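Take a look at the structure set out below.
By written order: A, B, C and D. Residues from 1 in each chain.
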């Protein structure tokens, strides 16, 4: 029986999520190699051993380089903090491993570029964990666009909002430091960008405005510290295809928990989506009789592949973690040389470029062309 | 019995809407002067006579100057096409009449300025028909903001969308001519601006991007004609108070029929509203226990004045035309010298300035400060 | 100019609502006789005079028989408490007036039967104020059913809920007395019954269960008094056409403000409606492609007559009071001998019979055939 | 390392679902025994071998009795058609295995009683796959009820609807035979009953009405065959605690895909839920200020245990299959002798009794007391 050997570096939430994806991918899809959970790395040998037992890995190490050197490991899941991504991903690729790295690529653009360059040279598969694009409903939106159901698209609006920075009382943390990036742009904008670029292709230019709901935040020692980046960003953009749109991201939006709202307007209809109701899409078409036209709420169902691999009945719903299992299946496709719906390091780099262009636009108060890798 | 004499120029939909407001204002509110529908003007004496009978006016004329000269007329409702507003409003004010003029003020900024100047000099009440601000739910949002229920506001998003220009087959009309204005900015942006300025005060600066879903449209003679203005506009703004926000307007948005969506984010909660469900507001506050926090859908009800004047039970719903009756009541307040929730010609002029600043920003691709009257 | 003379007995909320309908019907519809508000009756001459001035009636009386004797009155709006309906309606009909009486007809079935008998003999129009059937969305549902859009109907569910009796602290009132009727059956069931019988025809048999959330309620003197009727009722029914369904009514349902929810299931689709969002209907049809099937939310719009008489643009919304204006227009149709969508006293009597059958079923714990007039 | 040996009989959708639950339960919860997928049984040795490889089981057999005899198997998942449940479950229990059997128990009540009796005598854990009760949102509803957040409950409404029998063209199948049970009662009513009995305790009496949208259905040989059971059922009920309610189930309800709607009314508030949006609950309480009361939409979040074991952030959503993982965790609790939220064979038998009482009520057209085991 064919199998694939998995190494996992980092066992926080995303590490658990990768583990579940590896455990589920074959039973869910009923195809592909069997998964062998070979090796897990953590910050200490003790922690690694403990996590290996909980997650079901065979070997454990406190030194991630040992994992990368393990000949039984075919693919490395990297779910450590962003700052570690470049070194680990580059080392894994150079050791001949495929790499499944969580997003975003790296705090510094130069590091992301080095990662992409290494991936290109390696002949290995290197993808990023942009799992929202794997939602069967998002795929269905892609099909609707391809089929011309709403005609040529002429306008797009996207929003991504959560509220973990919404309280003025939330203490200053590393997330508020300039070293952690621009703020909402890095945390959130990359996700809608993964959707935009998947559905519509690359951006041409952007204009951004960023703001802070609170100029400073309390510190744990009773003082206050100036917030160095931006919890809110609003962006106007034009795609390379000419379609204009807006993007608003806010990590201080009370009440929003996992909102990723999309509005797509075409010449024959419109499509609406919100990740908080990830098993639904709203579709308006002009083919309905005039008196009966309206947005129809379509529930995720077997015709929306690969929903059917999870549940055979419509309207029963996938969960957030299921998206990772689909992503894992696509990674296996890519490794097998088959067509795969993934965001590889090159496309990931495009997303990083767009983010940096937005920040430059805010700084310069002008439209900025989005660079290409 | 005290009464007020009404003159009406123009009997299209808005003329009917004013008539209903005048007929309903006293029975609904149970206070104020009795309304006497004195004089109606149309483009011909015959049409005026026909409309007088249908709408219940005593006198009819094909010459609006006769109506303005009528001593029995105390207040003039002007519901003609925008281009006629300046001449009629100025003449009415100079004749000592109060004026209730539909929005926007005038195609040319200079005319709007002249209207505002005349109004200031006249000692009469001159207001514009921005009826969305009269919705009891919008008033309630104002109360929530005043009470600090969601804390200081730090971000705003607005959208106004309809679909009457969404089809590529919709023939070129006067609305697509540059002479009719900038497009979606004039048709729609003024409405959210009336809400923003009522709830939050004036704008400081704007950055705009405008686009056309279709570069040309079919003409009735079988040809095609270049579209001269913009069905879509997307705007970033900063208020004078410092609050940043976004505004998107689109008159080619399939499926949107009367969307006017507002998202207000504060330090203690959030407020959502959509005019398509004009009898509801969604409120999120952090006072609820954590496990039970969520946006609550509050239905319009008697505590939201003046809903109670229309229906004594909650959740039964007002209609679009009812907003005009409330506006009429506020106009009567203003005439009586009482505090009134109205957009007078000076505030209307601020809105026009904001629209022109947006257009200038699109042209110049830079932030534009919003002028003041 | 043709006109109709209106008399109004009772000037509470429904009296105001009738007045607005009379004032608006001609300007809104642009057809039919001019309305003359002739005479208003209240419990005292002083109150009547005060209300005449507020509502715009010419004459006022403290004796409703004077109003009925007034030769200038053509039609009498009766909006007094239910117990007064029989005497007033019968007197008005015998005096040759048309009658527009609020629902329900009368506390006692015998009185309702006498009203219907008198109406039949009078040659005059006598209708009841079941205004929910006038909603353009409800009419559109009727059209969809007539057109076979959802195929033959095989199941119906209805609910009507409000919360004015939901608190245990709400003091005992006349509404809790057996003399006021069965409770939720009289207050609410009649409304869904007006919809059912309008859309589907009469009921054949019913099975009911009634309950009290609170066995007693506080009295104003500090004591407690046993509740004599039922705030909650749940009914199974079969229509004469054979369609089975359920009806649930609850006037103690916290959070429900004006819910009147309908679910209609047919062989080709389904229709959903809720009066709390009275400007929307949800339609599911099987003609959509399988992957795109869903309930579409259709907003009230000009194709849904007579919405267009109120607003020329879709999605702007009618209000609860507008339904009364439509009802008034239908009354005028009936008076003119034209086809009219009204619930006359005979159909009203059918509704009363159904309510009494429900109560009898609860009492006898068995299916009860619904009597016919 | 402690572990548990799993046997699985039947590898259809529910077999896959059990497999995923067994694979995920330890990584998700980070506690409990490691799972060993020991043995799978199918209708032939070949199929069993194929499924063992796809699902990751060690051994395969075409004879389920071999699986039950396997000393390495500690617990048996039974996911075969209902008719096989009694023989398999009883054999497994007698062999000293714990049993996790899909619902419902058995077509014949006597068989279900035998299963419960065997389970009681076995000293082993025997539970049924009523996974809807495992939804963290349903658990949260239970907590709200326990905490008295909406006060004592006085009325309940439940609906469960799908549309797989909605088309008249759907051919006659075994599901339409009387031998398959009563129809919607067996397919659907058991689910809401699992929720009712979990949240509120057992039923006291029921009154039911059943109907068929189509008297016959096409057969594959071009003929037609009379439908022998009922796609629609409507039930009135009273709980042993005295709370009255309604239950409506329909497997021919176009547009409903996985609706399981609950309305719970209490003296201090209300709770609404619909499985089609399984990550939300709507809560209305009277503690909010009057002008701000409304149903709040609470998204599933870490405070709603065990949501946090799947995702650490709110609003990201669990899927239908995740409920099975939670059920598996509860089964392990039961096996360990800890408190467990499960429906064991005794409680399952109560549900079967309720279903049979409903059918008897329909037949006898009278209230039927629900028997106890």
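For this structure, a couple of remarks:
The working rule: a residue touches a chain if its C-beta (ideal position, glycine included) is under 8 Å from a C-beta of that chain, and two chains touch if they have at least 3 such contacts.
Note that this is a predicted model, so its numbers are computed, not measured.
Separation of chain A from chain D in touch steps, taking the shortest path, is 1. With centres computed as the average of Cα coordinates, no chain lies farther from chain B than D. Set side by side, the interfaces B-C and A-C show unequal numbers of C-beta pairs in contact, with more at B-C.
In terms of their C-alpha centroids, the spacing between chain C and chain D amounts to 42 Å.
If you average the Cα atoms of chain B and of chain C, the two centres end up 34 Å apart.
Measuring from the averaged C-alpha position of chain A to that of chain C gives a distance of 54 Å. Looking at chain C, residues 256, 284, 293-295, 299, 301 sit in touch with two or more other chains. Within the complex formed with chain B, the chain D residues making contact are 140, 143-144, 149, 282-285, 288, 290-299, 301, 303-304.
Against chain D, in their complex, chain C makes its touches with residues 150-151, 154-155, 157, 159, 166-168, 207, 209, 211, 213-214, 232, 234, 236, 238, 244-246, 248, 250, 252-256, 263, 265-270, 284, 286, 293-295, 365-367. The residues of chain D lying in touch with chain A in their complex are 1, 13, 16, 19-20, 23-24, 26-28, 30-31, 34, 53-56, 162, 164, 256-259, 276-279, 299, 301, 310-322.
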